[in-house]
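Following are the structures in question.
Two complexes come next, and they have one chain in common, chain A, joined by chain B in the first and chain C in the second.
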Partner chain A sequence: MKNQLLLKNAGTMLVRLLFAVVAVFPILFMLVSSLKPDQQIFGDMSSLAAFLPVGNISLDNYAAVFDRVPAARFLMNSIGVSAVTVILGIFVNSLCAFALSRMQVRGKRIVFMAILATLIVPFQTLALPLVWWVNQLPYFELNGFSLEFSRGWLDTYQVQIIPFIANAFSIYLFHQYFESIPKELDEAARIDGAGWFKIYRKVVMPLSGPATATVAILTFLPAWNSYLWPLMVVQSEELRPVMIGIQYFFQLNVSWGEVMAYASLITVPVVVLFIAFQRSFINSIASSGVKG
Partner chain B sequence: MNTKFTKILATSIAAAALTATLAGCGKGSASSSNEGSGEIALWTHNAGNPEELAAVQKIVDSYNGSQDKVKIKIQAFPQESYNDSIVSAAAAGKLPCIVDIDGPNVPNWAWAGYLKPLELSTDLSTHLPSTVAEYDGKPYAVGYYDVALAMMARPSDLKAAGVRTATVEQPWTEEEFQDALTKLKALGKWEYPLDMGTAGTGEWLPYAYSPFLQSFGGDLINRDGFQSADGVLNGDKAVSWANWFRGLADQGFMAKKGGKDSTQDFLNNQSAILYTGSWAADKAKAALGDDLVVMPTVDLGEGPKIGGASWQWGVTSGCQNSEAAMDYLSYSLKPENVAAVAKATGTIPASNEAAALIPAFAEGGANRIFMDFSREYAVMRPETPAYPFIATEYGNAVQDILNGADPKSTLDKAVKAIDANIKSNGGYKK
Partner chain C sequence: MATTPLPTRRPAPAHVRPAPASSSNGNKRNGSNDAGNNRSAVRRRRPGFRREQLSGWGMMAPAALLLLAFIFIPAALGFGLAFTNARLISPRPVEFVGADNFVRLFTDPTFYRALLNVAYFAVIVVPVQSGLALLMALLINKKFRGVNFFRTVYFLPVVTSMVVVSLLWLFMYRKEGLINEVLSAISFGLINGPDWLADPNTAMPAIIILSIWQAAGFHMIIWLAGLQSISGELYEAAQLDGTSRWQQFRFVTWPGLFHTRSLVLVTITIQALGLFDQISVMTQGGPMDSTTTIIYEAVQSGYRQQETSYASAISLVFFVLVLIVSAVQRHLTREKD
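Presenting the complex of A and B:
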């Protein structure tokens, strides 16, 4: 019996190990290849050496990446745009979800359904009309001591941020999580004299750590990986995010070592963030019954 | 806990303030909105090609230094995303004054009203015809260079297989090509002796493979009026092309989908014959030295064919200072400028005067053969606004045929779609 259990556990471990290998090896290959010259990347491909930092190892590819593209600038742009989108996204979407979850307003169910309905429209179909819209929006610029007015948000930072703050899926996630928080807590706070915003601020949000972490990750990933939208609305190199940068390496003769070095640079922040929020992320998904 | 949330709230307010700050200082300078101040924006697809970008920058610097009325300002984009950026800028009415365009797309852009006809002080009649894009009888774009398709191989491999080297005077015929591939395959050194770049996508598909169709006697569209593809893209000759092309994969001569970097695969000895463009020559020569031969493409009945036209420059119709933009383009077409770009990129210079300034393209020069290919074999991709649609349909057909679809019905389907598109656009008439 004991042997049978041991065998079963070993089998489970083996399957898990297999999945881990499938998930980890591409990332390992990317990191290791980023340290090798092109000839060696292809030479090692047919053996396990492809996953090992052996042979002619150097940081030359990383140096070449910074020579070829303004990678530091792209990274800073993406960090800024993603961070602001995440922080404002958490605030705006949680407020919206709180209102839909707690306030007794006529027609709130219809509003909630309408918000959810937007999930079925793919972004690609909205992209071009959205370009037109953002180009009609007013733009204020401080020039010395005078405020100048013009029209059009193209080629700015805010055009990369503001359209992505309100998000139906984040509202849904927060809503489902808020529903699991007992309403008796609100009532107790109300007896103590708290208003709606105080209940949101001091009761509901402090209990919603996992949902906040999940929304943070689910907002951060598309903001970080954003490609189609910035290539449509951002023309200046100094405003471009990291994902546009990858295309710099695919013109004419491709240097795969440089591609891997750049891919490593833009992957590491995402992996670090996921590891940092992993526990909350899984808790939230488990408790809200939502698969991301 | 409350303190924690207060911090989150404070951070949110800080983020909102940051957005406002970004809004204040984050306006880019790439759009055409600065033209009133004497600055002219120039967009190019060369962000991922530092050599060409540096050569263009040098011309711009030289022009900016030669006069003080306007300043040209370059904004470079990665090639893969360049067209999407242009289309969305056009939709928003934010095109810059000067743009570079892939040659075959010029008629479409001219028809759509993005471009205005060129009025240059340069005599374009001395330029390679494939470097001047015309629409409706007027020039709309001009390039510094062209590129040429070719076949590359190691002479040592050809010798080992007993295959003769193809030349401009005597290119391989269909039978010789079949024989060469059979012999090379028999050497057992490669799983697929031929790499035709079948992993390529987008414009590569019509650029690379429609010349074979034309060598068979077919074409992408009936060039008499450009109103229908019926009979030329689905006729007997086109079907022969499709069967031949699929046969290369069915016989195990080439992969249905090759590696992403066919040049690197060739240099790593993953293939014996590489079908590629002149842009790969310098890298191949550096790696293989004398054990490299550049050959013309195969004569499949109507002589070897290659696609003509590469990237070219045009002036947008909304440009507020088109006179200055035209002046810059005229300046940039001086032979020394054209030669500098061609030299930096290893491409074929657009004019004889420029070619004379580059030893590699002089008679007997290392790259002269590409100039010969361009002059002898170049066929312009159809100069019609329908070209982008035709190119997409043809590209889809190529991939379907390679993946096993019936050639005749696939080509019929492409013809039906192309003809319907032309009809729905009123024949693409002005």
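Presenting the complex of A and C:
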């Protein structure tokens, strides 16, 4: 009986390991190949050496990546765009959720319903009309002392940021969380003479760390990974985010070592963030399960 | 705002509170004492009411306006533009053309091919991905040594972006690539793999495999949340009745996952219908249209050919499909509740 159970457990463990191997081998292959010259990548492919950093190991591919594409610029663009989207997203969405949860505003129920209704519209439905629409939007630029007016947001930073700040799901998550914070706390603050914004900033937000982390992650991942949108709205090289940079590697001669180096370069930051904030990542995905 | 003095103390609830002496509305005293009948009138005159309205709307405004500008307006535009001849950049004014775009769409064999491809993708991905994700969730549901390690590893593909995953598998799927080498190694040289992405018969299966590989970990987490919401007492009771593991799954776990199940199915289906990134990086719809999709066609016409109107018509068809999927899910959940 006991042996049977032990065998069963060993079997389960074997299945777990099998899944782990399948999940990890392409990533391992990418990281290892990024350190090898092309010749060796192809040479090692038929043996386990494909997954081991052996032979002629160097960072040459990474150096070549920075030669071939403005990788530093792309990285800075993606970091900047994601960071601004996350920060403004946290602020705008939590502020809205605060009013919905805490204040007796007339018409808020209709506003909330309209906000939640946007959840059924996938971004792909909007993307094409949105390209046309952002191209009609006015654009002000301060040039020296004169304010210049032009039309069309194509090929700018703001077109990569502003459409993605407000998000119904973030508002929903903040609202849920705010509802769990006892209202007595802000009543106490009001007795002390705090205004609404102060209650938001000093009472409610400091208690909402987990919700903020969830929203930050759920905003960051699509911002960093965005591909369809910048593909259509960004033309200039100096404004491009990292995912669009892959196009550079298929012009002229393809060096797979360099492709793998670039792929690693834009993946490792996210993986490091994930391992550092693992619990928050898992929670934020789990909370996206209530969406339906 | 100057007319309503800022209250320095939090007022008691309207129906028990005596009218404040410093009220700017002379009538206040009448309303505040007869509690039930006249509450809304009282609330309207509460000191700070106007201020609360103003700050409340001020706080909702940024998000509300952004959603209006970047979801409601483009959605309405998409609907409207589908019936025009609008182009992305064009000096001509936009003209109404009736259902021309839809006529063109429904006589376009490439579009039918795209629908067929997406259906093929969804029919395989939805059951296989949700099934594997559930299996993974069950494998790491119970606490054991190393559970965190496995959870992290299973989730790693999810934090790798679909674009990177597509690049990586593009490399692995070559004729002399890693996939074929592995196949050959585990079959002792018997399997001589195809040139996956260059063959119309294997291109879509290849994309299906990598898509499942990337996204299964995401849905594993959702299943896991569902599994952990099932009360442990139910399992204890089942054990007392001497049930087998399979019976526990069949009669406790599976019914307990009812809501999670419909959620996972509908999110995977909608994601499957929106297939784009993998196609754009790996095959550009080829070979011979065997991997083209609805969204890929929309981007081709709306962006490459700048035909916003035609692309809007495609997007509208896509949206109708998404609505049908959601409606079917609603219906199925309601029936059994």
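To be clear about the criterion, the second predicted complex is superposed on the first by the 240 of 292 C-alpha atoms of A that agree within 3 Å, B and C clash if a C-alpha of one lies under 4 Å from a C-alpha of the other, contacts with A are read in each partner's own complex, and residues count from 1 in each chain.
Everything that follows uses one rule, which is that a residue touches a chain if its C-beta (ideal position, glycine included) is under 8 Å from a C-beta of that chain, and two chains touch if they have at least 3 such contacts.
These numbers were taken from a predicted model, which means no experiment stands behind them.
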Touch count on chain A, higher of chain B and chain C: C
A:Arg68 touches, of chain B and chain C: first, second, both or neither? first
Partner chain(s) touched by A:Val131 [first = chain B, second = chain C, both, neither]: both
Which of chain B and chain C A:Val234 touches, first, second, both or neither: first
Touching partner for A:Ile87 - first (chain B), second (chain C), both, neither: first
Which of chain B and chain C A:Val22 touches, first, second, both or neither: second
Touched partner set for A:Trp256, first chain B, second chain C, both or neither: both
Which superposed partner A:Ala50 touches (first chain B, second chain C, both, neither): second
Which of chain B and chain C A:Tyr248 touches, first, second, both or neither: first
Which superposed partner A:Val271 touches (first chain B, second chain C, both, neither): second
Doubly contacted residues of chain A, that is, touched by chain B and again by chain C: 42, 128, 131-132, 135, 162, 228, 231-232, 256
Chain A residues within the chain B interface of the complex: 38-39, 42-43, 68-69, 80, 83-84, 87-88, 90-91, 128, 131-132, 135, 139-142, 150, 152, 154-158, 161-162, 201-202, 205-206, 228, 231-239, 244-245, 247-254, 256
Residues of chain B defined as touching chain A within the complex: 1-2, 4-6, 8-9, 11-12, 14-16, 18-19, 22-24, 26-31, 33, 43, 45-50, 75-81, 84-85, 88-89, 91-94, 260-261, 263-264, 268, 279-280, 283
Chain C residues touching chain A - in the complex, by the definition given at the top: 8-10, 43, 49, 52-53, 55-57, 59-60, 62-64, 66-67, 70-75, 77-78, 81, 86, 88-89, 136, 139-140, 148, 150-165, 167-169, 171-172, 176-178, 181, 184-185, 213, 217-218, 221-222, 224-226, 260, 262-263, 266-267, 270, 274, 276-277, 280-281, 295, 298-299, 302-303, 308, 311-312, 314-316, 318-319, 322-323, 326, 329
Residues on chain A engaged by chain C in the complex (per definition of touch): 12, 15-16, 19-20, 22-24, 26-27, 29-30, 42, 45-46, 50, 92-93, 95-96, 98-100, 103-106, 108, 111, 114-115, 118, 120-122, 124-133, 135, 162-166, 168, 171, 187, 190-191, 193, 195-197, 200, 221, 224-225, 227-228, 231-232, 243, 246, 256, 259-260, 263, 266-267, 270-271, 274-275, 278, 281-282, 285-286, 288-289, 291-292
